[in-house]
Structure formats: structure tokens, C-alpha cells
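Below you'll find the structure, written out as C-alpha cells, and then a few comments.
Read from first to last, the chains carry the letters A, B, C, D, E and F; within each, the first residue is number 1.
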Amino acid sequence: MKRGINHHQVGDSVETYLLIKSSKKGIASNGKPFLTLQLSDKTGEIEAKLWGIAPEDETTFVSTVIVHIQGDIQDFRGMRQLKIKSIRPTTGMDQVKIAEFLPSAPLDPNDMLDKVIQYIFEMSNPKIQRLTRHLVKKHQEKLLESPAATKNHHEFVSGLIYHVVSMLDLAKSIANLYPSLDKDLLYAGVILHDLGKVRELSGPIVSEYTIEGKLLGHITLMVNEIGEAAKELEIDGEEVLVLQHMVLSHHGKSEWGSPKPPLIKEAEILHMIDNVDAKMNMMDRALEHVMPGEFSERIFPMENRTLYKPSFHEKPLEY
Amino acid sequence: MKRGINHHQVGDSVETYLLIKSSKKGIASNGKPFLTLQLSDKTGEIEAKLWGIAPEDETTFVSTVIVHIQGDIQDFRGMRQLKIKSIRPTTGMDQVKIAEFLPSAPLDPNDMLDKVIQYIFEMSNPKIQRLTRHLVKKHQEKLLESPAATKNHHEFVSGLIYHVVSMLDLAKSIANLYPSLDKDLLYAGVILHDLGKVRELSGPIVSEYTIEGKLLGHITLMVNEIGEAAKELEIDGEEVLVLQHMVLSHHGKSEWGSPKPPLIKEAEILHMIDNVDAKMNMMDRALEHVMPGEFSERIFPMENRTLYKPSFHEKPLEY
Amino acid sequence: MKRGINHHQVGDSVETYLLIKSSKKGIASNGKPFLTLQLSDKTGEIEAKLWGIAPEDETTFVSTVIVHIQGDIQDFRGMRQLKIKSIRPTTGMDQVKIAEFLPSAPLDPNDMLDKVIQYIFEMSNPKIQRLTRHLVKKHQEKLLESPAATKNHHEFVSGLIYHVVSMLDLAKSIANLYPSLDKDLLYAGVILHDLGKVRELSGPIVSEYTIEGKLLGHITLMVNEIGEAAKELEIDGEEVLVLQHMVLSHHGKSEWGSPKPPLIKEAEILHMIDNVDAKMNMMDRALEHVMPGEFSERIFPMENRTLYKPSFHEKPLEY
Amino acid sequence: MKRGINHHQVGDSVETYLLIKSSKKGIASNGKPFLTLQLSDKTGEIEAKLWGIAPEDETTFVSTVIVHIQGDIQDFRGMRQLKIKSIRPTTGMDQVKIAEFLPSAPLDPNDMLDKVIQYIFEMSNPKIQRLTRHLVKKHQEKLLESPAATKNHHEFVSGLIYHVVSMLDLAKSIANLYPSLDKDLLYAGVILHDLGKVRELSGPIVSEYTIEGKLLGHITLMVNEIGEAAKELEIDGEEVLVLQHMVLSHHGKSEWGSPKPPLIKEAEILHMIDNVDAKMNMMDRALEHVMPGEFSERIFPMENRTLYKPSFHEKPLEY
Amino acid sequence: MKRGINHHQVGDSVETYLLIKSSKKGIASNGKPFLTLQLSDKTGEIEAKLWGIAPEDETTFVSTVIVHIQGDIQDFRGMRQLKIKSIRPTTGMDQVKIAEFLPSAPLDPNDMLDKVIQYIFEMSNPKIQRLTRHLVKKHQEKLLESPAATKNHHEFVSGLIYHVVSMLDLAKSIANLYPSLDKDLLYAGVILHDLGKVRELSGPIVSEYTIEGKLLGHITLMVNEIGEAAKELEIDGEEVLVLQHMVLSHHGKSEWGSPKPPLIKEAEILHMIDNVDAKMNMMDRALEHVMPGEFSERIFPMENRTLYKPSFHEKPLEY
Amino acid sequence: MKRGINHHQVGDSVETYLLIKSSKKGIASNGKPFLTLQLSDKTGEIEAKLWGIAPEDETTFVSTVIVHIQGDIQDFRGMRQLKIKSIRPTTGMDQVKIAEFLPSAPLDPNDMLDKVIQYIFEMSNPKIQRLTRHLVKKHQEKLLESPAATKNHHEFVSGLIYHVVSMLDLAKSIANLYPSLDKDLLYAGVILHDLGKVRELSGPIVSEYTIEGKLLGHITLMVNEIGEAAKELEIDGEEVLVLQHMVLSHHGKSEWGSPKPPLIKEAEILHMIDNVDAKMNMMDRALEHVMPGEFSERIFPMENRTLYKPSFHEKPLEY
């Protein structure tokens, strides 16, 4: 996979591994069933049709399966499409891993987890420290790979922990400038604020909302967990309530999903840090391939604005 | 207390028991301390000044104390005021109870609780039944006397259970008309939707928001409790999640404090029933003393509207 | 019409009666005119092309005509289409009625009218009774078949009277629970609130807004009619004004089309009952074919929400 | 009434006629009843206390009575107050008329009515002409003296007809610039748009909302009257509907009280002309006494703005 | 160009001059490049495909080039399309001018400019006069041909000056009715309010936003220019500030792009006049081809309303 | 001024210097003029009445004069008031300076200016550097003492430069974390964003809006100045436009006073940094004197929230 599927042109022949992101059955005009496959690697996605399928193909070529494929890139109504010549599901022999086929955070998840744990070590309030440590440990496995969202920002493998680590560094530098801030609270708030997403979202490959995600949401799920953790760890004291409030209020306004607005200084700052990091991520990606003197695509979650790259800024490296 | 403090005119002399709702110290222009007492019985409130107090008076005449008082009703800048001639705190000998000095629901709290329990018995889903029973039992004592709000509607002793019982009857008659409704869910939702208020509000006498009430709110508190109850009772299954959603969404919109809107039919109906009962209560009280052909005072939580009593309607009985 | 057009698959041959809902002329690439027909029966709709038409066909195959048709169900770009082999307009000989080709209320319109009249008989205020009786009589014929809306809820034949009857039962049960309500007013409000729709909408087959419907709307039209009826019946007294206000305010807010908000208790309750019945209708239909554990389609007039059917609820019968 | 009550200083003795705008009974600290009178002439208002009243005084000195009064202007907590030495109600002998005691339009009401009738004569569509003529005649007496509002703009005697005449001249000049406008419609819309205020408001002296004004509002009242007038005059045709729409939509948006927005060109222009004339009136009065280089008081119905008078503009004449 | 491209039917052969409004390269299914041309004359636009192009064609047939073309009008999926038989770019020999191929104002631009200058001559405040004269002169050339917008209203050649002239006549007639208005300010405000559009928009042929138009907007651009002009002309005094405010506030509200609302009477009137003229233009065009008794297309910038032409109005001439 | 006026109790006698913040003439009930003085030092304010004044006193005891005063602190309706025994204006002999009587930033203004200049030195884009340097120099004197607002945040002497310096440090630490940010742009945006306040506000002592502040606002004023500076310095290039956009858009939304939203990444970040620093300042001050476990006063510009200080936080030092 030297080049990646996104770099192939119409007319190229390809032989490569690709991940099936979705598979949908249709009936052709000749009455025979076929599959529309959405195939991806780290660089992007391409559509392919698998014609004249047998019944067993429907259960073989499903979402999250990695396939080995041979075919040609064609033009179909202005879109690239992969014409399949041969396709087979991979086995252990192929030695391929899903993570290699999905866009992911630029840092190693385990290094990021180490950094989170380092921040936890720095806390001086033992109640906050124990609660945070407990919840990180409980969800550690999923935290390593969960995206931070299904779209808009940090919607890639390990996006959640990447978002947390960026926010921790931001929190540290802001707390150094405004020493009245309680660092323990702020770090714990950063680490826990979106941790409920490991239950709200179905996972890194096909990221969808779970039923409890839709009916309760990641905020309520994590507020509940903080309460349960305190019971389990037999931690009393206002720290529990305050941490629950930090998570509950981090969307800032009831219209944005927080039934209570931030009523503690660190909660307000947590909301702002979250906002800064999410928008930096959106803006950097929107401008990634934009030439100086030109405008980006519209960014929906930023009021549909289109950003300008000043003509005195540098060209993107890989253009 | 034949007549009640609200029925005395300027010029009357009174000798009666009254409850201190609040007590606030001030310094007179002669430099001496005094107390401004807000005194109440079931019929209303009156202000009194206690001049020239001794230090121990500050700790004697405090909120929730019932006092025996002699004095005259005077006019002070257009308001009635009680000029105190003698005042003493009551003891067991006086045989007076706080409940007699506060406005309260028109039904007996224990009868209402029996009715709630009757509705629980009618449930056929055992998980919903056990969860609801458990939580009612846990908060039974406070449920008997808690108001449903600090103002606007059902803001009196036992207001919460009175609101619940009215809603249960309403739920029953609606469910009979629309048989697709799940009565178990609807009844459980009615019973639990505001139960968190026993923790959000400080109690029936001086009803204020508690700290956890302000930082988390009654909705989040009860959602948490449902989860904890399920753990304790070892109840699994989607009923837990669905009940949590019923409580979470009963304010209807995120702007009104529900981070998720109702996504289950019974949750939407719960929201509507809550609305009907709360508004009926507000409207009945606003119109209570209004003569036919006249308008009520403005009702703040109903967009500040003033209601009209048609001239062909009857006069209030006790006018 | 044993099965209904909606139950035919691609490949089926059909011979049946269908109603033309709309007919639109086009010019084919060979320069010849053709008609695009939208055909329906109670179960649904299907599109058909009538190629190579003669001039008289344009006036024969028009909206509201019932045709006898033979043809095959084909696939056209993923949609079912009816390929016409033979088509003829029906005559009296065919003994078919439009009502059989349109979705309609589940109760008999005449039974529903009897129920409305029964409610009118129960009124004790003679002015309200006479006004209501007069207006129902005046529009009786159209009331029997009018839909309650062009879309969203009760948008079927006799939908209006079905909506009224459901609301009357709801009004009765609520008035029994809150005896301070004036039943006469409430029933009259329910019966008249949407009666202007018989003038606002063009009728049950092709339900569109009339010009007076667009320029004045059903609320203003009925408020005017109440005034005219009172003149005609020589009824004086505030009942006229109050009934006009009930109709005027039943949308609840000026943003929703009521220039005055409800200022009478029964007007507020009318608004709420209308809301409950409309939403129950929308929700029941959205969930009709949804399996337990799954979500419905989005419901546009309910803030585009998608509803969840709990997994412990029953499967739809006819799935 | 050479000077007017507003021009008297503290310390002056006055002997003059004044109109009682309101009269309110109170009980003095000595237990005796007194009246608080709000007295006015064209220049303004002053408060007076009538102490030690006899029972018959309560029914003599009531709202809309003109009194002859002798007294002194005093200062009471920073406000001017009239200390009454003698007071008596006037009789026919005094030859005083209410109109002389109220602020009023700068033109003669009968001249303005002549102008309105002249505009009606210029109409060429006989249906529009007859409807307009009929309704003006019906309400002619009240139209001559009604204010256009209880506050904000044209809230003085004959304010309504003054507003109409200004708008007619504005309509004429705009219609001359945009000849596609239908002058008949526009003039009729101007004349009828606020005519319902003669029923919505209680009259020129104590201008309050009537019950039908509160429950239906001037827009709905006039829309009804146009319909009734058409029946009475046996006028058919779309002109009736279109005129009703003009009145119905003239507030421009449902939030502002028009259940339908303007859907006819002349209706949109009517809304704009209304806006221009109302705001010119507000702005002129707000700036009347402002010196160049200074700001006016806040104007509530103009989003609470305060207007600036440029320093190169002229000083107000009478400063 | 007797008839214009908009009046040709499918099947016609045409030989005419047309302006290329846009040209976009595509790759056909046979792998060869082609151009999609959007061609226009004063009457409208048509699409054409230029197949099998040579590399030099890509730079020849570009936006703003006038071509001589022969071809046939065909139907392509319900849209008219021009099948090109021969095409060549024009030269000086063809004696064609771009202005002839674009919709434009119904008056001669130079006559309109004379009228603007006439209004400037009528001003009596020399500072306002000189500033206005200077800025008109500076942008005179572009003012003659600039549209007033890219869409919605006056979006044609010379649309800006046409809009200004209409508003000046409107301003004059309003100022005559309300003599308290400062005509100099009002006229200057009208002339300058949208003059920044000559920099905000790229020009009359392909009207797009410039970079400074997007980053600052026409309001800020013109406010800056007024300041610079005052420096250059060495004009002091509040007139400069007041004129800047007139331009700054003419959108009326911050949500509509004016950081300050109108705080001067003439600024408020300017905002209203702008609104009247823009809406008259939109409404006249929306109704141009509508038959009496029918509704127009939806007008997006007027809250998406559709306007009704009363059935007693006249038919459009050219229908 | 060891203690400061805010620390004196009712009953204290004082002899001290105080600054007159405002002086207002009134007429006493005995007809004699008096002055109501608002007096302040760094710690707070107190009211005093100067009775029986001579005409020259009105011009002596005016705003911004420092007086030497002897008197007693009294209680007047629950407020402290200073009863004046003797008062005289100060002269050079008193050696008192206004700055000593006003709340001010905690850092030395000249040190802060040095820091700003240091940041300018670090810029590498010479155009941005020169423009920023020029404008800082031009307004240097006022920048040293101007507040950042009339209320809400940084509303003290040198509040503007204090706000700028805090934001610069914040900008630096954020830019270090997100290296894609253009530091030059960000620093220049921070330094210039509120610099227009030196013209919008009247100055540090009696901080009111100037006329140009009200009619144009600080944003428009500074955008104009950047343009003028570029002309003067003969700087071309997009840097000018981009800097103008940075200032123009820094309020984030049109409703908040920015006619264009941020369309450049650094502009968005500038808006966020401004928000963080302003809110930290508001929150720190609101919580300054709050005890752990208690709530602050309501903070109006933060949606009227009241902040909670967790009970595990420390007590304020000086309580």
C-alpha cells in the first residue's frame, strides 16, 4: 500500500488490500442481486460494485472485513469507481490489521495514554486523582482507539485520546498564566469530559450512535459513572459532585446539551479549552490543501463559514 | 387561629401563633440592632420588626421557629405590618406543628401515597414495577411533604405528591383513549419524573435549591438514582435505560433542561401530561379570586399572560 | 382490489382500478407528447407514463378520474413504475367510488358525526349550543370528508372529523379530572377550532390550499363565520366573543399563527388537547412498522426527531 | 388656560380648570379616606391629594370630570404636587370641553376627514370604494377623535385619523414613483388598516384596551367588519378577500400579530408605509427638545435606541 | 438578435452572437476533454457542450468572450440545450459589445448619472456636497455599470445606479412630506450607501465577491473611503462622522450587517427607503409574468413568500 | 490613605483626600441648592451632600477635582453616607494625583508597554510589524491609562493594556501548542483589536462613550486607522486587509458587533483568546470575596450566572 487508494487515477489498475466500510445489497435491472461496497484505506475511500453475487457473498463481504482486491479505476458519472476483477476476504496469513486501513491520530495511542497518566500523577487532591484514575483504567482499552466524534472534529481512530492530550497541554499552559485555577479539577475535567463517548459511539471502524448514546448521551452516561465510581471507591466529599458538574456543564449551554451551564470557574475554562481544540482541529483540516489566496470548503459546524488562507502564507507542502 | 393572619385589618389587635419564615438582622439609625421577621400561617404572611434585641434573641428567633405573639396590625407605607407587643418561642407545651402554618395540598399525604402505591401495583412489567417501588420507598418520607417547586406551581407542602397523583389520573384516562400507550412506562415516568426534587429542594418550610440541586439538578440526580437502584436490585434490561430516558427528557427540549428530547412515545406524552397538570394548577389559582368579566394578575411562567374570566362564568364562592 | 398497488413487486402483471391523483404533460425526445400519471389506491401510489397520446387524452386522463388499467410493474432507476398496456376511464357501469381509492379515517364518517352531535346535545349553555349546531350543520357535508391537514397529521379522508371526535373524548376525560373547566366552551372549541379547514383546503382528493385559505387562513375564516352566525341567529352576549377567541388562539402563539395567545382557561386547554391528539396520530403512524429495538423515520413536524421503540415492546402485527 | 399646568413652578398659586384623568381612594394613617387625583390639561399632568373626603366626593370626583380648582404647587419628594385649596366639578355654565384638556393632533379632525373622503372619491374600483366608504361612515364619529395607540406613536386625540392622512399622502407619492401599484387597494388599505382601533381602544380620554380588543384585537375585528359590510352591501368578488388580507397582514409577520404575512404587493407596501409614518412620528417627538450634539431619551419601540441630533442641525425653537 | 435566445424552442436552428458567462472543462466517457459553456444574451441563458476540444480551445472559449455560433436547440432531460455546429470567437470586425449581452437597467446609465449629479447640486451643506461629489467622481466609471447585488434585486448591469436614482426620487418625496428631514444628509446617504459595492463585487459580467468584499464588505470599505476623502479634501466637522454613520448603519441591525443601528433620523429613513426600493424591484419582477388569480414563484429574500396577483388586476402585456 | 474609604464603618470620623467622580445640583425642600457628590478612592466610593452651596461652589466641586474633606460616616436608609464638616479643593501643595484615587491594573503601565513592544520586536513580517508599531506609537499615551471597557471586565485605569498583555501571553502559549498559527498576525491582532477604545471611551476617570464611539464604535474606528496608517507608511499588500479583517471580526458574530465573522484562522483564535481573558477577569473578581461552599453575585455578561466556589477551595485571604 505504497500510494493509497486516494492517489490512483481513472485508468489505473490496482492490486491491493482494502477495508469494507459498508456493504449494501441491491437488485440489478436484470433481476440479479449485487453489492455496493464502500472500500477504504488510510488515504480515503472508493466505491465498487460486486455483480452477480452468490448468497454466501452477502455474509462474507460485510462491514469491517479486509479484502484483497484486483481491479481498474473507472469514471462513473464524474466519480471514480473501482471495477472489481477479483476479490477475496483476507485471513491471518495476510497479516493485515484494521488500524492500518483507517485514518488515525498522528501520535501513538500508548504514548498518549502515558501522557494522560502522567497528568493524573501530578494531581495533588487524592479524591480527584483516584476517581480519574479509576475511570481511565475502566475504559482504557476503548479510550486507546475511540474517535472523539462521528464527524466534524477528531473523527478518526484514537481521536478521543488525541483530543484529550491536546487539551491537557492547553489546560496546563492556561493554568500557568491564571494561577487562581485549580489544576487538579481542570485536568480531571479534561480527561473525563468526553470519556462517555466510548459508550455513546459504537467504535472506531463504523462509528455510529449506540442506543444508550441516543437516549442518554455521553454526558449523562459519564455523570452516572462518576457517581458509581465514587460509591465503589467509597469516596465522599464535594469533589464527586463538582466533577459531575464539570462533565455535565462542558457543552456550555442547555441548547448545546448541558442541562446546567458552567457554575464553577474551572468548568467554564474546560468548556473554552474544548472549543479551542475542536476548532483548531477543524480549521487545520479545512485549510490543509488550500492554496494561499484561496478559500476553503464551507465548515458546517462553524456556522458554515469558509476560511481564507492569506496570500502571504505558505503553500501546502504536498500540493 | 380561627381566622388566619391574612384576614386581619389595619387596626386589629392579634394574639396568635405564627411561624418565622425568615429573620434578618439590621442596625437602626440609633445604632441598635433589630430583627425583621417574616411571619406566616396557612393563610399568608406579615412582616414584623423586633426592636432593641439582645444577642440571644438573634439565635432564638430564627427561621422555622414557631412563636406566640401579641401585637397590633398597622399600616407602613401601604403595607400591613405587625407591631409586636410580646413575643416568645413555643415549646412542646404549646402543641403546635409546623405543618399547620404552611399552605399545603388539599388531600391527605398518606392517602395520596396509597394511591401512588396502588398505581405501582397495577404495573405488569416486573422490572419497571420493582424499580419504581424501590425509589418511592427510598424517598417516601420526603415525598410525603416536598413541594413540587419553589414557585409557579404546586409550591406548597405535599405539592410534589399532589402533582404526581393528578398526573397519574390524567395518564390513566389518556392511556385508555390511546391504547397503543405502555401504561407501565407512563405511570413509572409520572411517579419518577420529579422525584429528584426531594434532593434538589431543601424542604417544605424554606424551599431553596440545594448545592447539588444547583450543580446537577433534579433530572440528573434521579437519572443517576435509577442507575444505582438497578445495580442494587440487580435488574438488567432496556427498561432501566428507557426509564432513565423518560426522566431525562421530560422537560421536552434542551433549552428547558432536558439534554435529550423525548424519543419514546410515552416520554413525549409524559412531557405533555406534566405540562397540562402544571398549567391547570397555575390557571386555577390565578383565577381563584377573579370576578366574571375581569382579568387575572399576570402569570409569569405562562409568558406573562393575564387570563380572562368570561362574564357568563360564576363568581368565586368566598369573594 | 384485493391486494392494493403498494403490495405488487417488480415483475407482477396487474389489472385493476386506480385513481389519477395528478397528470402532467411532457415532450419526449422524439418530439411527441406523453403524460406522467400519478396513480393511487388506498394502499399507496405508483407512477406511469402514457406514451404517444392523442389531444383528447390530455382532457380525459386528468386528476380525480378513476381508470381501469392493465400493465406490468417495472423498475425505473430504483423506483417501481407501471408500464401501461391498456387504460380506459371508468363509467357508472364500473361502480367505483373515489373514496375507495384514498386513505381514510378508521371510523365511519356518519357515526363520527352522530358523536359530534351527541356532544352538542350535552351542552347546557344555549347560546354556545346553537352557534355550534348552526356551524356544524352549515358545513356538515364537507366536514364528513375533509382531511385535517395537507400533511403531517390526519391528512386523509374524514381526517378532520376523526381528529375532532378524538379530541372530544380527550376533552371529556380531562374536564372530569379538572371540574373547574367549562365543558360547553371546551366542546364547542374542539368542534369549531379547525372547521375553517373545509374552506382552507380544496377537498379530500387533491388537498391544496384555496386562495382564501392562503390569504386569510382557516382561523380567520372561522372567526368571521362565528360572527356572521351570531348575527344570523340573533345571538348576543359574550359567548360569541369568547368562542371567537377560542378559535383565534388555538395555535397557542403568534409565531404559530394565533394573533392572540389563549387568554381563557378553556382556550389554553383546547390548545393542549389539539397538540396531544395531533402528536399521538403522528407518533402512532411513525412507529406503525418499526420493529422493537429500532428507530422510526424522522418526523419533521416534531423537530425532526426519530422515535425509538423499546425492545421490550411488541412487534407490529403485519410485519 | 393661558400657560398650562406644565409651565407652573413650585411656589406658584393656580386657579384653573383641569380634567381628572384618574381618581384613586386611599386610607390615611389617621384612618380617614382621601383621593389621589391625576389632573391634566393639554400641556401635561399633575398629582393632587383631596383629603378628608365625604362619601359623595368619591362619586363626584371621578375620571373624565372637569374640575375648577384653586391651590398651590408644592414639592413632594422631588415631584411637583398640587395642594388643593378649593375644588368643584364644572357644569354647562363653565363652557369647557374635554377636548381642550387633552393633547391632540395638530390638524382639525373634520378637515382630515374631508381629506380621507377625497381619497375615497379618487378610487376607480367601485367595490373597493363602496366598502371603504361604508366602513368610514359607520365609524366616522369615533374615527374623528380616536388615538392610534395607547402609547408609542400617535397616542393623542385624533391620532388615528392623523396617522391615516399622513399615510395617504405617503401612499400617493410612492404610487406615483412605482406605477405598477394599485392605488385603490393601497388607499383602502391605509384607511382601513387601523380602523378596528375604534373598537380595540376605549376612547380618547382614558385609552385602554376593551375586552374584545384584548381577546380578538383590532386586526381581527376589522377583518370581520369588512366581511359583514360586503354582505350588507351585497358586494361579491375578490376585492373583499383582498381587502381583508390587506388588513390582516399589515403588521408584516406573525410574531407581530399578523397571522398571514403580506402576500400581495400593495399589502407589503402598506406595511412599510405604516412603519415609516409611525417611526417618523416617534423620532420627531423624541428629538423635539434635544439640543444639537446631544442624544434623545431611549425610544422603547425602536429597540430602545437613543437618537443623536447632529451638531450641525438647528436648535429646537422653543428651548 | 431580433428574438433573443430565451425565445427559441426545441427544434429551432439558430445563428447568433452569444456571450460566454462561464466555461468549465470535463472529461467525457471516451476519455476526451470537452467544455460546458453557459451562453447568454439579454433575454436569458442556454447551456452548450463543445466536444472534442483542442488545448487552445480551453483558453479561447473562456468567460466574457463573445462568440458567433451556429447550432440547433435540443431537449436534454427536460432542459433546452444548444447543439453547436460551428463556433468562433468574435473580433472587432463583428462590432458587438458585452453590454448588449447582459440584462441591464431600463434607463441610460449616463442619464442616471446626470440625475445623481443634479441631486448633488441641490445640496446646501458644502461639506456633504463636496464629499459626495468627490466619491462619485472617484468611482464614476464603475458606478455606471455595476450591479447592486449578485442576486435578489437590481442584479443587472447598471443596477446600482438605477437603485440609487429610484431611491433619490423616493427620498425627495418623503422629505417633502416630513419637512424635519435633512435632505442633504438623506441624499448623500442614498448616493453613498451602496457605493462600496463597486469594490465588493467583481463587476457586471461575472458578478462575484472580491476578497476585500468578503473580508471587509461594502459597508466597511465605504466608511473607510469617506474618512480618506475627508482627509484628502481637508474637510473637518461632524458631517464626516455622520455620513460614515449613515453608511455604517444602513442595514438597520447588527444581524443584518450594520455594527451600529441607525442613531440619526435620516439614517433610519435611509434604511427604510433602501428596503422599499429593493422590495418593489423584487416584487415587480416576481409578478411580471404571473396571470391574475395566480401565485408567483417563491421569493427567497422575502422570507420565501409567494405573492398573489388579484384576479381583478390586469394580465401581463406580453404573455 | 492607609485604610481607604471602603473600610470605614458608620460612626467613624474621617479626614482624607477623595476624588469627585460626579457632582449633581439639586434643590432642597427649603428652596436652597445643594450638591450630591460621588466621592472615591482606590478602595471604593461614598456619597455626600454639600448643603447650602454658593454659586461658585457649583464650578469648584466638579467631576475630576480632588478634595480634602473632614466628616462623619452616617447611615442613610441602609447606605453609608459621608456627612461633610469641611471640604476644600486641593492644590499642587497637596501633592495628590488622580491615579491614586482610581482602581487600576496590578502592573506598572510602562512595564506593560515595554512588554507589548517586545512582542512587536519578535514579529518577522515587516509590514505587520511596522503597522502595529505605528499605531501603538500614535496612541501610546492613551493606551497607558485607558480602561478596556466601561463595565464588566478590565474597567479600571490601564485596563486596556493589562488586557492586551494577558492576551499576548495567552496567544504565545497557544501558538506554541498549535504551530500552524501565524504568530505575527495573532500578536498584531491582539495588540490592535481593542485599540479603538482609546477613541471610543472618554478616558480613565469618567469613562463614557464618545460621540464617534457611539456612532461608529471602536472596531470601525480602528479598521479605518489601519487603512490610514498603511497609506501614510506606504505599505501595500494583503497584510493590511487581513489586519483590518482581524480587528473587524474579533467580536465573532454580527449580533455581537462584527459585521464579518472570523474568516481567517488567526482571527477565530483572536476571538477566543479575547473571550478567555475577559471571562477569567470577570470570574476572578466575582469570586474574590466568596467563601468556599458559597455562590457569587450574579455576573450579568455571563448570562447572569452565579458561580460556586467549591468547599474544598481556600478561603479568600483578606476576608
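Just so it is clear, contacts are C-beta pairs under 8 Å (C-beta built on N, C-alpha and C of every residue); 3 or more make two chains touch, one makes a residue touch a chain.
Everything numeric here is computed off the predicted structure, so don't read it as measured data.
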Both-way neighbours, i.e. chains that touch chain B and touch chain A: C, F
Same or different residue numbers at the chain C/chain E copy interface, by half rule: different
Inter-chain centre distance, chain C versus chain D - centres from mean C-alpha coordinates, in Å: 46
Approximate Å spacing (C-alpha centroids) for the pair chain B, chain E: 63
Shared-contact residues (touching 2 or more other chains) in chain E: 211, 214-215, 238, 242, 263-264, 293, 295, 308
All chain pairs that touch each other: A-B, A-C, A-E, A-F, B-C, B-D, B-F, C-D, C-E, D-E, D-F, E-F
Chain D-facing residues of chain F, complex: 27, 29, 31, 211, 214-215
Complex contact set, residues of chain E against chain D: 125, 166, 169-170, 173-174, 176-178, 180, 182, 185, 237-239, 242, 261-265, 268-269, 272, 275-276, 279-280, 283-284, 287, 293, 295, 302-303, 305-313
Chain A to chain B touching residues, read off their complex: 211-212, 214-217, 219-220, 223-224, 227-228, 231, 238, 241-242, 244-245, 248, 254-260, 263-264
Of chain F, residues touching chain B in the complex: 10-11, 75, 78, 293, 295, 308
